[in-house]
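Order as written gives the chain letters A, B, C and D; numbering starts at 1 within each chain.
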Amino acid sequence: MIPLSWYLVVAALLFGIGVYGVLARKNAVAILIGLELMFNAVLVNVLAFWRYLQPGETAGLVFAVVIFAVAAAEVAVGLALFIAVYRKFGSSDVDDINLLKW
Amino acid sequence: MVTTFVFLLTAVVMLVAALIAVLKDNLVHAAMGLVVTLFGTAVLFVLMEAYFLAVAQVVIYVGAIAILIVFSIMLTRRVGAAWGAQTNPTWPFALLVAGLLTVLVTRMVRAWAPDQVLPAAAAVPADMTARLGAALVDPNGYVVPFEVASVLLLAALIGAVYVAWGGRKAEKETHK
Amino acid sequence: METKILWLLPLSPLVAFALIVLFAHRNRALSHTLAILSVVLSWAGSMFVFWRALQVGAERLAEEPFHSVINWLPVGDGFFRLGVQLDPLSAVVLFFVAWTIVMIFIYSVGYHNFGQPEGDHDTKGLPPHGATVTHHGHKHKVPSVEPMYSRFFAFVSLFAFGMYLLVVSDNLLTLFAGWEIMGLCSFLLIGFWFKKPSARDAAIKAFMTTRVGDVFMLLGLAYLYTQVGSLRYAAIFNPETLHHLATSPAPALGMSAAGLIGLLLFIGTVGKSAQWPLHVWLPDAMEGPTPVSAMIHAATMVSAGVYLTIRIFPLLAAANHEAAFTSPMPVVAFIGAFTALFAATIAVAQNDIKRVLAYSTISQLGYMVAAVGIGAYVAAAFHLVTHAFFKALLFLGSGSVIHGMEHGVLHTGEHVDPQDMYNMGGLRRKMPITFWTFLIGGFALSGFPVLTAGFWSKDEILSEAFGLGHQGVFWTLAVAAFLTAFYTMRQITLTFLGRPRTEAAEHAHETPLTMTVPLMVLAVFAVAFGWVGVPEHFPVLGHLLPAWFQEWVGATFHGLIPEHGELTFSYFPLTVSLVVALGGLTVGWLVYRGVSRADQPDPLERVLGPLYGVLENKYYFDELYAYLLVKPAYWFGAVFTFRWMDRTVIDNNLHAVAYLSWRLGNFLRNRFDLPVVNGLGDAVAEGTKGAGRLLRVVQSGRVQQYMLLALVNAVALLALVYYFVTRS
Amino acid sequence: MAFLQDPTLIVEWLRQLLLGWGLSPALTSLALYVLGALALATGPLLWVIFLIWFERKAVARIQDRLGPNRVGKYGLLQPFADVLKLLTKEDIIPAKADKFLYWMAPILSLAGVLLLWPAVPLGKGIGGNVNVAVLYLVAVGTLSTFAILVAGWSANNKYALLGAFRTVAQMISYEVPIVLALLVPVLLARSMNLQDIVAAQDVWFVVAAPLPALIFFIASIAEVGRTPFDLLEAESEIIAGFHIEYSGMKFAMFFAGEFLHAFTVGVLGAVLFFGGWRGPGAEAYPILGLFYLWLKAFLLYFVIVWVRGTFPRVRIDHLLDFTWKFLTPLALVVLMATAVLDKALVRAGAWPRALGLLVVNAVIWLLAQRWLRKVEKRLEPPMVAQPGQYPVARYTPPEPQAAEGD
């Protein structure tokens, strides 16, 4: 059957890809996409651990549910900001949004 | 046997899709990649017998988040306009760091996780979904985190509406 | 149960005070409802406790009073214990306090014209001027409601708290606390109409004068605490302690500790109960609203002084019976007797209806003090209670009269002083209830035989004075009694009898029920309360009625004070008191019935000549004090302290110091501050700036770079962890 | 006939057959999965062909026309003719279109409908037996949203994009009341498994929960995007909306998808509120159950057609107001009321419980009515076209103003 570590490795790769996306992308939405990937990696991890270490407990699932909630909130706010920023700067490129530098 | 096959297939597909999601300049395609990845995650959940979460994953991520993302991409673009390059000049660093991170984590996993296979004894109870529901509203269980999460969602909702609304003036602007 | 209620008695007025001040002060009706409700609660509680006390019976109550204690202030080791207690003495005091307070509260509602319209140009801090209203067609003036209505009730509630606290407290410290709270309230309420200069001065005067007494009292308490190590009655008033106190010599005046302490505490009484020489504040205190005069300056606060004296009577007695030391008792007796006579004489020559009562209060208090001074503390307590009732009655009556007069003044619009008795006359038809109740009160005050309460108490004092062989005291009090009857009758005659001497008096009319009902209730007590204390040797009645009061209060200090032998009853003091009372009344009537015009000089003036002027001006005591104390104080403040000490000595020193430090400062600045400190500071600033210039490159304003850096760190950490994990 | 008792015998028979051919068990099961999927996909699609004919006839009748009557008896063969035409039509792909997505969209839209079927219980022991089926339905529903969004985007055409946006707004909004309404049967059956829900309907849930049934029905029509909610393809406004550029077979797939979706809504309604396959004798002979289900579904579908033929299209802002300000609150209220009362009546028998809930629904409905009337007074007067001015919804003429530089 499938070993636990496989899931973990897949999650790790997913997470790495997400990180790359977050770091390398210009567009704010693209960055959000990267974030989502990272979230999913985390979810996979959590559930894998739940499944393999304590399938009887609800803790892992609850954790996942909470992550869902947080992710949803994050995206909602993120996109709202994105829209607002776009309205203000006429651009969705995070590098153009650097008012807070010296 | 079958499950292993399915797992490998899914893993490959979702990783490729993830790469598409972060590499492609056409953001809509990238978003599609994201969607596929999310589906893949859902499949993994099914393999892990977390059916409820699998479906919830589809509903929330595909049904809400992904659609929102695609939506906002389309909103902020002119139809038929060309996509410029979507990556920063600093992408090599990003690649370096991400790669290092991945490698490290993977190696740690390999080093740590003895390849433990599915504990046959402890199968997932059939009524797991019911249990989860009970636990979420059980005072001795997770009612507090649950409520906190809900409040967070509410706050995010209101905040998002306010931020994106941007006041009457902005409304006028958009009407023009 | 009883103790619980005892705890609650003071609290409800306090709560009312807080509520009114914090929340209800905008709503008149609510304010007075709260206040009255609270005191009615306290009243009910008091009555219940009193009834329980009666059931228990005097002896057992004196043996083990209702008592409960909690810890209050931590002092060194252990605590000041805050406690409540009820023994026979405090029981009776509680009784009359509860009644009078309730009555006066209710009375105040009417007195402050509740329900009347707002005044045309009333300002806070002045008595209401009256409001113009149009009744079917024609305009006319009616009394207007007090502008600071709620505030008044807040203050009196606070006062009620103080009084209850004082009565139920089981130690001298909480008693003192209540004492001072009442002092404060008296100050606030005398100066209630603070826009009147006279009221302001009166308030300050009262406060200062009583302060003098309180300071000594505090000294006494301190001394007592050092001697006994506790201020609880139980701890002080037991044979051993008393004996110890009485036998240990005091540092001063060749007195025993007991004597000195007693004396110091007594000075407190002198201040509070306005005994000579600290009596001057009480007459001026009449500037306050009449309910205040009735409650604070007749019924409760001033009697608190006497209550204290009776409380500490065992001390005095103990000191008295140690032949080795000089005894404080004669001082007490002297001051009491002297005040009684002295104040009575002044009262004869006063025209202001309230001032007369004020002086009579002083003199009556003198009676009680004198009674304590000669050891007749039971009689003192008796007179205390009866006096509280009928004096409250008289004051309220006078208030009612003034009220009626003011109504007349508003109506006619002529400018006459509504308090001057010469402007009144013939009011008995205008205000019958007030008249009859006032009459009862007056007769009680002047000790009208057999019927009234005043007769019994006063007669008892006289007979005790006679029986214990204090002739001087006896005769002084007798004369005072005569004068009392005289000026009382003078007052009644001028106010109510004859025919009106002014338009205002013509148009005066009866006051509302809220004011008259309390009058009637108090009148009942003014008559009936005497009957509980008929001495058993009194002809006829003595055998019909038990001398309940004597036994009851007498049991309080049972075994604490050396019993003097059974008094042999003699008719002499009885006859004397009869004669003085009736005689005084008759003479007063005869002299004053003829007064027919407002501007007519007082008939006595012809008889007494210049002496009358002296009396009218209260023996020039105020002037004397002004000359002896106030002027020097001013001079000390203005000339000595300010001009000489402050201006010349202190200021010059200061200037010198200032100059020197200025020079020093300059030196330091040039030699140390500029080069060293500033240099250092600048160096630091420069350094920071440089560092910032070097580091600010990092802050590119690009989120991703930040995250990149963060992740680099994360990777590094992970690498470390991984390294350690794998190595082990 | 054992087969009538237990249709699953077929599966067994097939398995034996395949094994007999010497396939490995794993492969066999795989093959069976594939077969099942095929059956489940083709069946409905064939059925659609009849639906198209039926709908055209019905609408024609409603509009007092004859409808197709040339090809075949009663024009029964008309759909086949259409299919042939569509198949043979040239398949245009716009020059600047996003090819990949352009291809994906129709497939997605059809898949979004077909994926609903595995969860549906077709009879006692036949059909889907998923333990989170209801949630699954919602999840799959989002897929069709996606399809339309992608279609509208990839065609690279303003109208198409407008259609896509409208779709997203509309569908996302209408999913909320649907989910809330779906929760009621779940609540009553204490399970998300459609089999359990059907089994729990000794009394049809439409009795216990008429309002949720109604809400579900309306919102589903909106979800499918049929008249009166067909703003995503409003010919008069955005000339066919998202599938404006599509032609030939791709268009046909959208077309079929829509019809099938409508029918599926009927099926789901039947399953959730009208006792699914239940009916006399369905216990004994599951095939009967299949028939009953089909009957109920078809009736509901007829209602949908009826609605389509009857109502005019609504305005976009009215559409959104309707869901957010009426359906959603109503659904919430009903949900809570049901939850509370159901808990209260948990000891009571099936019928008393159902009737109690019915009463509650009635009360809520009356209150909603009163509320609506109150709102009606505050509503703006309906826009009528003045000469020289067009009735446009919420159109504020742009007053010229200096653009502040921000």
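What we mean here is this: a residue touches a chain if its C-beta (ideal position, glycine included) is under 8 Å from a C-beta of that chain, and two chains touch if they have at least 3 such contacts.
Keep in mind the model is a prediction, meaning the values are calculated, not measured.
In this assembly, the chain whose C-alpha centre lies farthest from chain A is C. Between the Cα centres of chain A and chain D there is a gap of 32 Å. Centre to centre, using the average C-alpha position, chain A and chain C are separated by 77 Å. Separation between the centroids of chain B and chain D, computed from CA atoms only, is 27 Å.
Separation between the centroids of chain C and chain D, computed from CA atoms only, is 88 Å. Contact of a single residue of chain A with at least two other chains is seen at positions 19, 23-24, 95. Contact with two or more other chains is made by residues 52, 56, 64, 75, 88, 90, 93-94, 97-98, 101, 105 of chain B.
Pairwise, the chains that touch each other are A-B, A-C, B-C, B-D. Of all residues in chain A, those touching chain C in their complex are 19, 22-24, 31, 94-95, 97-102. Those residues of chain B that touch chain C in the shared complex are 88, 90, 93-94, 97-98, 100-101, 104-105, 107-108, 111-112. Contact residues of chain A toward chain B in the complex are 1-10, 12-21, 23-27, 29-30, 32-34, 36-37, 40, 43-44, 47-48, 50-52, 54-56, 58, 61-62, 64-66, 68-77, 79-84, 86-87, 92, 95.
Residue ranges of chain C in contact with chain A, taken from their complex: 696, 699-704, 707-708, 711. The touching residues of chain C, when paired with chain B in their complex, are 704-705, 708, 711-712, 714-715, 718-719, 721-722, 725-726.
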